[in-house]
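Each of the next two complexes has subunit A plus one more chain, namely subunit B in the first and subunit C in the second.
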Partner chain A sequence: MNKTIVNNSRPGKFDFKAFSMNYFSFIGLVIVLVVFELLTGGKLLGQRNLMNIFNNFFSIGLGSMGVVFLMSLGELDMSVGAIVGLSAAFGALSARTGTSFIFPVAVGTGLFVGLLNGIIISKLKVPSFIATLAMSFVGRGMTTFLLNGSVGIPVSMRTFDNNVLKIALFITVTAAFYILFDYTAYGKRCRSIGASAEAARQSGVKVDRTKIAAFAISGFMCGLVGFFSLVRTCTASAKTGSAFEFDVLLAVLFGGMSLSGGWTVKFRAAVVGSISMAIVYNGMSLMGINGLTQQIVQGILLIIIVAVSFDRRNSLVIK
Partner chain B sequence: MQTMSKDSLFKAEKINKSFGLTHALVDVDLAVGCGEIMGLIGENGSGKSTISSIAAGIQKPDSGVMYLDGTEYRPGGTIDAINHGVSMIVQEQGTIGLITVAANIFVGKEDLFTKAGVLHAGKMNRAAQEILDSIGAGHIHAKSMIDDLTFEDRKLVELARALYSKPRLLIVDETTTALTVKGREILYSLMTKMKEAGSSMMFISHDIDEVMRICDSLTVLRDGVLTATLKKEDFNIETIKQLMIGREMSGHYYREDEKSSFGEEVVLEARDVSNEILKNVSVKLHKGEILGVGGLSDCGMHDLGKVLFGLIAPDSGSVLLSDQVRVTDAAMAVDQGIGYVSKNRDRESMMTVCSIKDNICLPSLKDLQKIGLIGRKKEAELAQKWSDVLTVKAGSIKTFCNALSGGNKQKVVLAKWLGKGSEILILDCPTRGIDIGTKAAIYMLIENLKKDGKSIVLISEELSELIGMSDRIIVMKDGGISGEYDRSEGLTEAKLIQNMI
Partner chain C sequence: MKKVLSIMLAAVMIVGFVTGCSAKSSETTAKDSAAEAATTVAAAAAEASEKSGDPEPFTIGFPWATASTDPTFVSIVNNVRAAVESAGGELVLVESDLTADTLINNISELISRGVDGIIFMPASDSMLPTVDQMCSEAGVYYSTMFRSINDADIKDTIYASKYFAGACFEDDEICSYNITKNLVDQGVKNLCVINIAKGDTSSDLRDKGIEKAVKETGINLLNTSYGITVQTDMTKTIESYIAAYPEMDGILLAGTYCDAALPTIEKALSDHNMAGKIKVGRIDFDFTMGEYLANGSFNVAYGGQQQIDPMLSAVILVNSVIGTPIVTDGPFILITNYLELTSSEEADNFLKFFLGDDPVFTADEIKASMIKYYDSSLNEDSFKKIVADFSVADVAARHANL
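Moving on to the complex of A and B:
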């Protein structure tokens, strides 16, 4: 068996399969760009539309960067959308006390729910898919109950929906997370656990703590997304952040993220994948495709992406 | 067609096989006589597994012809091979999870117990139990789920499955490394029985003593080339080693000094440790000491290793460092300079789908940090340095570990702890399933570590290894310590065995 799992890369010979696997995300991005630029008759890359794409990308990108760490652990977070909703809801309610509470409350809510996810998964040993799916129900239920319809915040808060601020924030977060993922002990520990939790533990990695932190990061980012979604629309409703977990999952997978985690996970998956997905959504809207049809497309895309990109190298290893 | 001597059951002629640039087999000729147990030995990567997997139909040769009973034999796959009477038991786990033992034994043959589309499970279970009883593995229940069995018992189930098809040629590929003394005895006696019944066997093992004991003839491979075929009367351990490695083994294998030598200071101590398996175990490891721990596989020695490293928390008692600090968990143990090499290398000591570099750097991440950041250059330097010290054979430190041989993997695991600068090493069966060339290198390393003042706990199922390397040996039995010996006493295996059983 040993012999059959050897690296496929042959020196000196161009390996199309390895190349396309490696640059999966970029190839996807180029295809998406060209297809929608043609289908929308050039409207896609028009100056006015670029900002629309950015706004789409901003939320998906933040959410995706948030889940990179836990996905490199080989875990999933299905509660991303619900946390966005709940953060926005608490943020909106806190505005009654004072608008200065909105930001800390929204982000704090996200962080707290993320931590809770992490503790349930690592300490109570509930598989992350189940735990976060359940958390998603709890979060959604609470949001609907708390808001009882929708709750508005003062329109003055719209000043925070500022493109310069958002671009600056996005660049800062991207840089910080990239460094955290690729150049610190924490990022490397995440991937080690994804590669082999037991080997990581036996090399001195605190597995539980690392996991909890990864879910907290995801929760924190959802809090941020919740805040910006709130200030953009100035209302929080039961629909805020709905299906966001799907957008994020689709984005990171489109970016070439491996579902099994480990050392093959690349940070760029989050960024490149999010750009691609932002273009897909925006392009479909430009073409006048309605929301329901978009949903169908999303579902089909997800299956295709996973079928095409699944790294079978990992599944060959007999455990 | 060439005429064949009548007594050959299986014959391979001029078999060639390449994987990319590596020639795994070069013009290999092989013959197994009727009722013969042929041993196949060689270092890791010498081509033993390749030739046996070709015979078992797992892969096809690039060129060459095989004969079975004088007629040409070209297996289309493993099932086809089994139908021809050629079965193989592999090194890795070969059972199917989440189903019962009986279902594993009769996989693909469920029709035997099916009536009108309904499987008669009771009948199948009874038939499976009969087979298990007949091979002396009656302690395994046919109805149990395969996942509840130990690795060893799962191997025995595989054996039962292979025997059920009444193979004419049974290939046993490094199965014994996974087995305890008891499991090995079952296997040996079965092989003898099969031999008496006229079946032939190809037996692959790293353990030269074992091969010499049970094989009738021996074929030695080196770098894909057949170097010698020996008859039983020509078996000689030195000759065999030399044929495998292709050069004379340098004088010593184990340590040469006959006196024990170590410092006064106690660097790690287990004090009255008890849990489900261990019973009031107290052990002291001194500075510069090689402490051997031996016993039967289920005596608790592997658990002791894990307790010492903080992987298992004892129910009572404690593990203390020299400054009386308690070892509470593995992360803390690593910080305090303890390194641990698990018996289960691929699952516990290393990330296989990961580069050599990242494996070596993992415990040292904290030390590599500078204002919280880890530079690529520093990582590469550390990994390169220790991979060179241990002479890991690989293209570069970026090579993924699943492409390495067992011996090289173990070198990477050891490099990881040397890179961390661990002062105490707990090695659980560090030479398990490793060829003698690498084995000798590991023994030399252990000896050098001792000279540098590092302290080592050497847990092993190989008594010769314990006697050869240890300053002191603790023998365990049923979770307790049943004997303690000093190197100076002039130890023999017989002495140790007394305390083991």
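Moving on to the complex of A and C:
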């Protein structure tokens, strides 16, 4: 089947449709911000509530930024929730030796499982959906077995659940990953593999190594999320990180991320999508909408946003 | 242009967050003063105008699984709402999956919405210091329902907190001990158990009670499965039990968050021609028990606390929020009794009076007998009597004409 890139843009003439499509994730963010600010009678942008929104999107944002690299490869990671749980579990257990072990152990666990995912997918050629789904079962099982319920850590560790620290970390990670994704050879290699793995290989790109690194990045970020979940609740339980993979997937879709990978993947999808999703969740909660209706609204919003924001202009058209 | 737009949006959010952070301390101080002032004003008002007028309007936050249509979950909301409205308050519900992470986010959100009190079901002991810290900083009272605190250090910390109004929970260990002995009395010698996820305070205590009864009676505890939340897993577990333990003659559903758990168990047993041959008991009443008690495929249930526990926890909180706490020297802790249900008539009454639209005590009944603002003679003993008198028959008699 021949694939031809159809360029719909007309140089020199303002294309409103293309503009709105291209900027829809931003426009969508502004729309949900304005709509919920009005519907909640100004409570949404209240000083304290802004921190609630931040705390909601902090974890999802970190997780989303982690999966951007592997999604640009055209891969999926269904084990991010399980890795968060396992990282928190090992982190909590390491606190028995000393609280200074919590951070390295949690992040190290995430990194290790991410690496394992990458090796299974690239070396054993297991499709990422299946490999990471299997890893999520392994991770969940191990978490339940290790914790035998739940394990607490000293309350003094809550000092790390510090908003200033989290904001600084979020900005640093966003900046570093943005540069890594958009301006380094590694980011470009990821997208070139997503566009055509074979072409990338023939151009000298080390496909396996790039994939392993992408899953390791995702695992590392999950470890970070696991650590912050642990210091926020001072508890690791079998439920820690449950359904996190869906939150992350929804967030990147809200941001207009292409699931097929390649050059159409934009880093902003992770950040803008996470913020939009946190605002939608928080706004509906502030409005007192019950959980059942929230699920319906989320589903409808997702269909609308993905249908409108999907970047078709730069996507491949199969003829 | 995209970069400029991204930077602008990011800058707006960051400025917002930073101002959010810096505003916290002054907001907290203001809230503290407001809480103290409100307490003083309410106390003075209560003293000055006992039984006349109502307390100042207040709001109580309640993180709960509002998406659940399970009648028990719905009835819990009805009972909490009745307690809050009995003193003229407003209930603010937020959707929660009841995990520690989400509950903490829910509580943070409720505090920012300016609620005066928060009632919730803790996911674990270790999350409580975090909640206490958040509520104490914001000057918001809180109470817990269903769960006791097992960790001695955490218990000391929480019980010493000015903002912990109290709790209402049942004695899970005694309950599971009693129901196990009841099954043994009915002839069970080889028992399989299904319980809530390990680490859950109630689950651990129920395990202890079962172990104690098993040890005392000398029966065999063949297996225990944990954390089943969906019907397909429930079916698989029962089928595995049937296949692996031909000697099994009893199943105890010690706890689950699975909807329609009992019909699922009965269906799995019926499919293998085992319904009625294996004794089945469960802790926590549900809406299908009557039918199975009538046809003999279900044998005993201990429960009924799912309605009164949250209602009394909310009453304890409301009394503190309006400035008339039941006890003044610490949190008010109430332990409720499990009700035993062995006939289809009792099950029918439970269905009608516990899981219907009305709470087990209406807002008017609560106002008349449980709110100290309206009746200053209320004390610890008044509540112990309410707990002791509470039964399916008691609710049926009081609400026969509603």
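Here is the rule we go by: the second predicted complex is superposed on the first by the 278 of 319 C-alpha atoms of A that agree within 3 Å, B and C clash if a C-alpha of one lies under 4 Å from a C-alpha of the other, contacts with A are read in each partner's own complex, and residues count from 1 in each chain.
Please note the rule applied: a contact is a pair of C-beta atoms (placed from the backbone, for glycine too) under 8 Å apart; a residue touches a chain by one contact, two chains touch by 3 or more.
The shown structure was predicted, so the numbers you read here are calculated from the model rather than taken from an experiment.
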item	value
Which of subunit B and subunit C A:Gln47 touches, first, second, both or neither	second
Subunit B versus subunit C, judged by how many residues of subunit A each one touches	C
Which superposed partner A:Gly98 touches (first subunit B, second subunit C, both, neither)	neither
Touching partner for A:Ala199 - first (subunit B), second (subunit C), both, neither	first
Which of subunit B and subunit C A:Arg189 touches, first, second, both or neither	first
Which of subunit B and subunit C A:Ile167 touches, first, second, both or neither	second
Partner chain in contact with A:Ile179 - subunit B first, subunit C second, else both or neither	first
List of subunit B residues in touch with subunit A within their complex	19-20, 24, 49-50, 53, 59, 90-93, 309, 311, 329-331, 333-335, 340, 342, 347-355, 358, 361-363, 365-366, 368-369, 372-375, 399-400, 402-403, 405, 416
Complex interface listing, subunit A residues touching subunit C	22-23, 26, 29, 43, 45-52, 54-56, 144, 147-153, 155, 158, 163-164, 167, 171, 174, 229, 232-235, 237-240, 242-243, 268, 271-272, 275, 282, 285-286, 288, 290-292, 294-295
List of subunit A residues in touch with subunit B within their complex	1-7, 10, 179, 183-185, 188-189, 191-192, 195-196, 198-206, 262-264, 313-314, 317-319
Residues of subunit C defined as touching subunit A within the complex	2, 5-6, 9-10, 13-14, 16-21, 23-24, 27, 65-69, 92-95, 97, 99-101, 104-105, 108-109, 111-113, 123-127, 129-130, 133, 151, 154, 157, 197-200, 203-204, 227
